[in-house]
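Next come two complexes, and both contain subunit A; in the first it sits with subunit B, in the second with subunit C.
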Partner chain A sequence: MSDQHINSYRRRFLGGAGALAALTVAPGLLLNVVKAKPAAEAVSNTTRWGLLIDANKCGEGCNDCVTGCNEEHGLKEIHGPATDAQWIRSVTVRDTSTQHVTHLPMMCQHCESAPCVDVCPTGASFKREDGIVLVDKHTCIGCRYCMMACPYKARSFVHEHLTEQKPVAPRGIGTVESCTMCVHRVDKNGENTVTACAEACTHDAILFGDLNNPESDISKRLEKEGGTRIRADLGLNPGVRYQGI
Partner chain B sequence: MKIAYRTIEGRSRGYFALFGVLGLFVLAGLGAAHHMESEGHWITGMNNQIVWGMPHVFAVFLIVAASGALNIASISSVFAKTAYKPLARLSGLLSIALLAGGLMILVLDLGRPDRLIVAMTTYNFKSIFAWNIILYNGLFAIVAVYIWMMMEGRFNKYSRTVGMVAFIWRLLLTTGTGSIFGFLVARQGYDAAIMAPMFVVMSFSFGLAIFLLVLMASYSWSERPLGDATVKRLKNLLGVFVAGVLYFVLAYHLTNLYATEHHGYEAFLLLGENGGGIYSNLFWIGQVLLGSLLPLALLYHPVTGKNRVMLGFASVLIILGGLAQMYTIIIGGQAFPMAMFPGMEVSSSFGDGVTASYAPSTWEVMLGVGGFAMSLVIVTAAVKILAFLPEDLSDEIADPHTASKST
Partner chain C sequence: MAGSYRGITLLSTLLGGLLMAASLLASAGVSAPVVPQGKGEQCVEPTADMRKNHMEYLLHQRDKTMHQGIRSKQHSLKECINCHVQANKAGDYPSVHGTNSEQHFCDSCHSYAAVKIDCFDCHADRPASPSAAKGAKP
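Our next item is the complex of A and B:
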C-alpha cells in the first residue's frame, strides 16, 4: 500500500470521526442556545405548567381551539360524538338566575391531586413533576376507572382501531387519553410554548405558562386579575385556571 | 352423626345437557368478548359518558355474590354453628366459582385484556382497584386452602383458623368492591362511605340466594335427600339479609334526601326526573318490589315459605333484583349529569348537562351471561370431581338436634 493511499484513508477516517464528534456535541450546544430542556433531562417540580383561560374573550359558537387540538393530535370523527375522542370541548354555561351565558373550553385540568392518578390501578395515569397529567400508553389496561373518577369528564376512551396517528400523539385502541397540554411542544420550547389550542384561538383567550414562576405572564396576570378553579371545592388544585366564570 | 361427602355420578343425560347448555353460554360470551376486542368498544352500548356498561353490572354482581356465598362456610367455622358445617364445602366452591365468572367478565371487558400481566405486576397502591386485584387473587388462594383443610381429615383442625382468615378477607374484599364507587368524589351517586357496608350486606343476600338455588337444584337433580330444617334455616337467613339490604338502601337515600345538594340525583333516581325513568323503574319495580318485597313475602308466608319451588322463585327474584340494583348504581350513577358547574345550566358537544343514554348491546349481555354460566360450569364440574356435596342432607343427618325436637 502506498503512503499516499494511507494518507487518504487516514484523512477520510479522521474526517468521519470529526463529523461524528460534531454531531454528538452540536445538539447539546444548540439546545443550550434555545434554552430548552434536553430530552434526557428529567422534568422538575420547580416549574408547574398551567393554562389561563379568559372566558370573557371566548366567542359564542367559536370552536377554534377544539379544531386546533384535533388537528395537532390527529383526532378525527369516526363513529360519532358519543365515542369519538374529545380532548377539549366548548362548554356553554348559563346562570339560570341571571341568564348570564358564558362559553369556555374544557379539557384535562392537570390537577395537582389528580383523581385519575389516584385511582389508576397500574399507575398508567401519572403526573409529571412539572404538573402535566398524562397516560402511559404502554401500561394503560383500558379499565376506564380514571374516566369514572375525573370530575371534569376530560378523558376519552379509544373505541376503535386507529390509523395514521400523529407521531406527536401516540394513540391506540383500548386505552384512555386526554389533553397532554401539548407536552411535545412543552418539552421542545419550555416557557416559550404556545399550545395548539392557544395557537388556534383567534380571541387570545388561552395563555400557557409556569404557575411557579412569579415572573411569568400567567402568574402576573393571575396575581393582578385573579382566576378561578373549576370545582375548587374538591381541593384538587387544577393547573388550568379560568377568568370570567 | 358423621357427614359423608361424595362426588356426584355425573353420567346422566341431564348432567351432560346442563354442562352443554352452560358451555354454549360460556362460548357465546367468549365469542362476544373476542368480537368486542377485535372491533373495539364502539360496537357496544358503552361510550365516553357511560364507560362501564352491562359487563360491569354482571361482573360486580358476581364478585359481590362470590364473597357472600362464602358466608355459609364462615357461619360454620367462625361462628361454630354445626348445622351449617355440611354446607361449608359447597359454600367455598361457589365463592371461587362466582369470583372466577365475575373476573372473567371484568378482564374481557378491559380495553386491553392482553395486558392483564401489567395489571398483575404493576401496582399503584393508592388505587382501590389495585387493592382489589390483590384481594381477588387472595380470596382464590385462601378459599382453596380453606376447602383443602375441610376436605383433608388430618387438617380439619386448621379449618377454623383458615375460615377466620377467609371471613376477614371476604369482608375486606366486599369493602373494596363497594369502595370502588364510594371513593369516587366526582359523581353525585357515589362518594359515600355507606357504599362499602351496603355492598357487604348486598353480598350476604345475593350470595345466599345463589347458594340456596344451587343447593336445591343439585340435591334435586342428583336425587339426594335435602331436609326441610336446612332449607328453612337458609331461607330465614336469606330474608334477614334481603331486609338488611333494604335498610342500607333506605339509609343511603334518606341521607341524600336530607342534603339539598343531592336532591337532583334523588329526583332522577327515585322519581325518574331528568330522563331517569328507566332507573326509577328499575329501582322501584325491579329492586324494591320484585327483588325485595315480593321475595320477603314468599320467604316468610306460611304457605309459600314451605314450598321449595316458591323458595327457588324467591331466590331468582332476589338475583334479578340484585342485578337491577347494580344497574341503577353503576349505569344510573354515570348517566346522571356531573355537577361541574353547580346551579348552572350546562351544554356542550360532549354530553355536559344532559342525562347520558345507554342501551346495552347484545355483545355485552352475552359476555355478562357467559361469565355467570362460567361460574355454574365450574360448580357443575367440581362437584363431579371432588366430594363437595354431602351424600345425605336429610334432617336426621344434617340437623339431628332440630329433627329430634320436631319428632
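Our next item is the complex of A and C:
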C-alpha cells in the first residue's frame, strides 16, 4: 500500500471517528448551553452556587488557587499580608492529638444566613438570589462592620489607591471586598463555570456547581461522599463545603 | 441735542464692540474638547440622548448588574470603554489618570465641563486587551 493510500484511509477513518465523537459530545454540549442564563436575564433562587473543596487533595505549601485568584482579579502585593487584600488564603491546621496536618483554602463561605449582610448599615453587603454574597462597592462606606461579623475572616479592606484594575473586577480604596465566586464567570457560563481558583488548582481539589440541582456534579459528590461545613454550629449554612477536614 | 444722541450711539457701539471682543477672548481661553472617535458608526443610543442621559443609563445598568447579574451589553460601562477608548498608533491606551488623559473619551469632556467622576478610581479605564476590544460591538 502506498503512502497516499494510507493517508486517504487514515483521513476517512479519522473523519468518521471525529463525527462519532461529535455525536457523543453534542448532547452534553446542548444540555450545557441551555443551563447558562441569557445575559439579560436576572439570577434566580432556583440555583444556589457552591464550591466543594477536597482538602485531602491540597498539596503542602501549594498556593496555586491564591495565585490564580489574585491574577484573575488583579490583586497585587502592596504592603505585605497584614494589610493587603486577600480573597483566598491558604490555611494549615494541625490536630494536636494526632498531629495530622491539613492544608485548605479559606475564602468567603457564601453563607445562606450571612452575618456580613445582617450587620451592613448601608445594604452594600448583600446576597444575590443565587446565593453569592457580594459587596456593592458603590454603597460601601468602608465601616468594616462586616469584617468584624464574618466568622471566617474572609473579607479585606482596601487601604491604598489602586490603579490598573481588571475590567472584570472593579476594586477601590475605602471599600471592603471578598471572594465573589468569580461572579463574572458565573453570569456568563452558569453551570459550566470553572472559577479562577479551580482553574489554577493543579490537584483538582475545587469543584464549582449548583447545590440546588441534584443532578449537578457537586450535589452528586456531596450525596455520595458527604461534605463538611466549617463552623456548622453557627447555623449559617455556607455554600462552600469541605472534604477531608 | 442731535450731537449728544450721536455721542451716545457711538459710545454704545464702542461698548458693545468691547463686550463682544471680551467674550471672544474668554471663549478662546478654553478650547472645546476634541472627543476621540469610537469604534463603529452609531452609539447604542442617539448621540444627543447619550450626551444628556448616559449617567442615567449607566446607573440603572450598574444596579442591575450588581444585584441581579444582568450583563447585557447595551448600557454597560465595560462596553462603553471597549468602544470609546482606542489605542494610539503605538498601541497604548489613554488613561484618565495619566498625562494623556485629554485623549480619553470620558475625561476629554468631563475635564472641559469640570464634572469630576470617580468611576475610574475602581473601574478599568481601558479595555482589558486589544483582542477584547476588537470583539466589542458598537
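Definition applied: the second predicted complex is superposed on the first by the 210 of 245 C-alpha atoms of A that agree within 3 Å, B and C clash if a C-alpha of one lies under 4 Å from a C-alpha of the other, contacts with A are read in each partner's own complex, and residues count from 1 in each chain.
Simple rule for what comes next: contacts are C-beta pairs under 8 Å (C-beta built on N, C-alpha and C of every residue); 3 or more make two chains touch, one makes a residue touch a chain.
From a predicted model like this one, the values you see are computed outputs, not experimental measurements.
Judged by the touch definition given at the top, the superposed model places A:A82 against subunit B, while subunit C stays out of reach.
In the superposition on chain A, contact of A:T98 is made with neither subunit B nor subunit C.
In the superposition on chain A, A:M106 contacts subunit B only, with no contact to subunit C.
In the overlay built on the shared chain, the residue A:K188 is in contact with subunit C alone; subunit B does not reach it. In the superposition on chain A, A:Q165 contacts subunit C only, with no contact to subunit B.
When the shared chain is aligned, subunit C comes close enough to touch A:R128, but subunit B does not. When the two complexes are superposed, the chain touching more residues of subunit A, out of subunit B and subunit C, is B. Residue contacts after overlaying the shared chain place A:C140 against subunit B, while subunit C stays out of touching range.
Residue contacts after overlaying the shared chain place A:I173 against subunit B and subunit C alike. In the superposed model, A:E41 lies in contact with subunit C only, and not with subunit B. Once the two complexes are overlaid on chain A, the subunit A residues touched by subunit B in the first and by subunit C in the second are 161, 173, 175. Subunit B makes touch with subunit A in their complex at residues 37, 39-42, 47-49, 51-52, 110-113, 115-116, 118-119, 122-124, 126-130, 132-133, 180, 183-187, 334, 338, 340-341, 343-352.
Touching subunit A in their complex are the following residues of subunit C: 62, 64, 66-73, 78, 81, 97, 121-124, 127-128, 132. Residues 78-79, 81-86, 89-97, 106, 115, 117-123, 139-145, 147-153, 155-161, 173-176, 230-231, 234, 245 of subunit A are the ones touching subunit B in the complex. Across the complex, subunit C is touched by residues 37, 39-43, 126, 128-130, 134, 136-138, 161-168, 170-173, 175, 183-184, 186-188 of subunit A.
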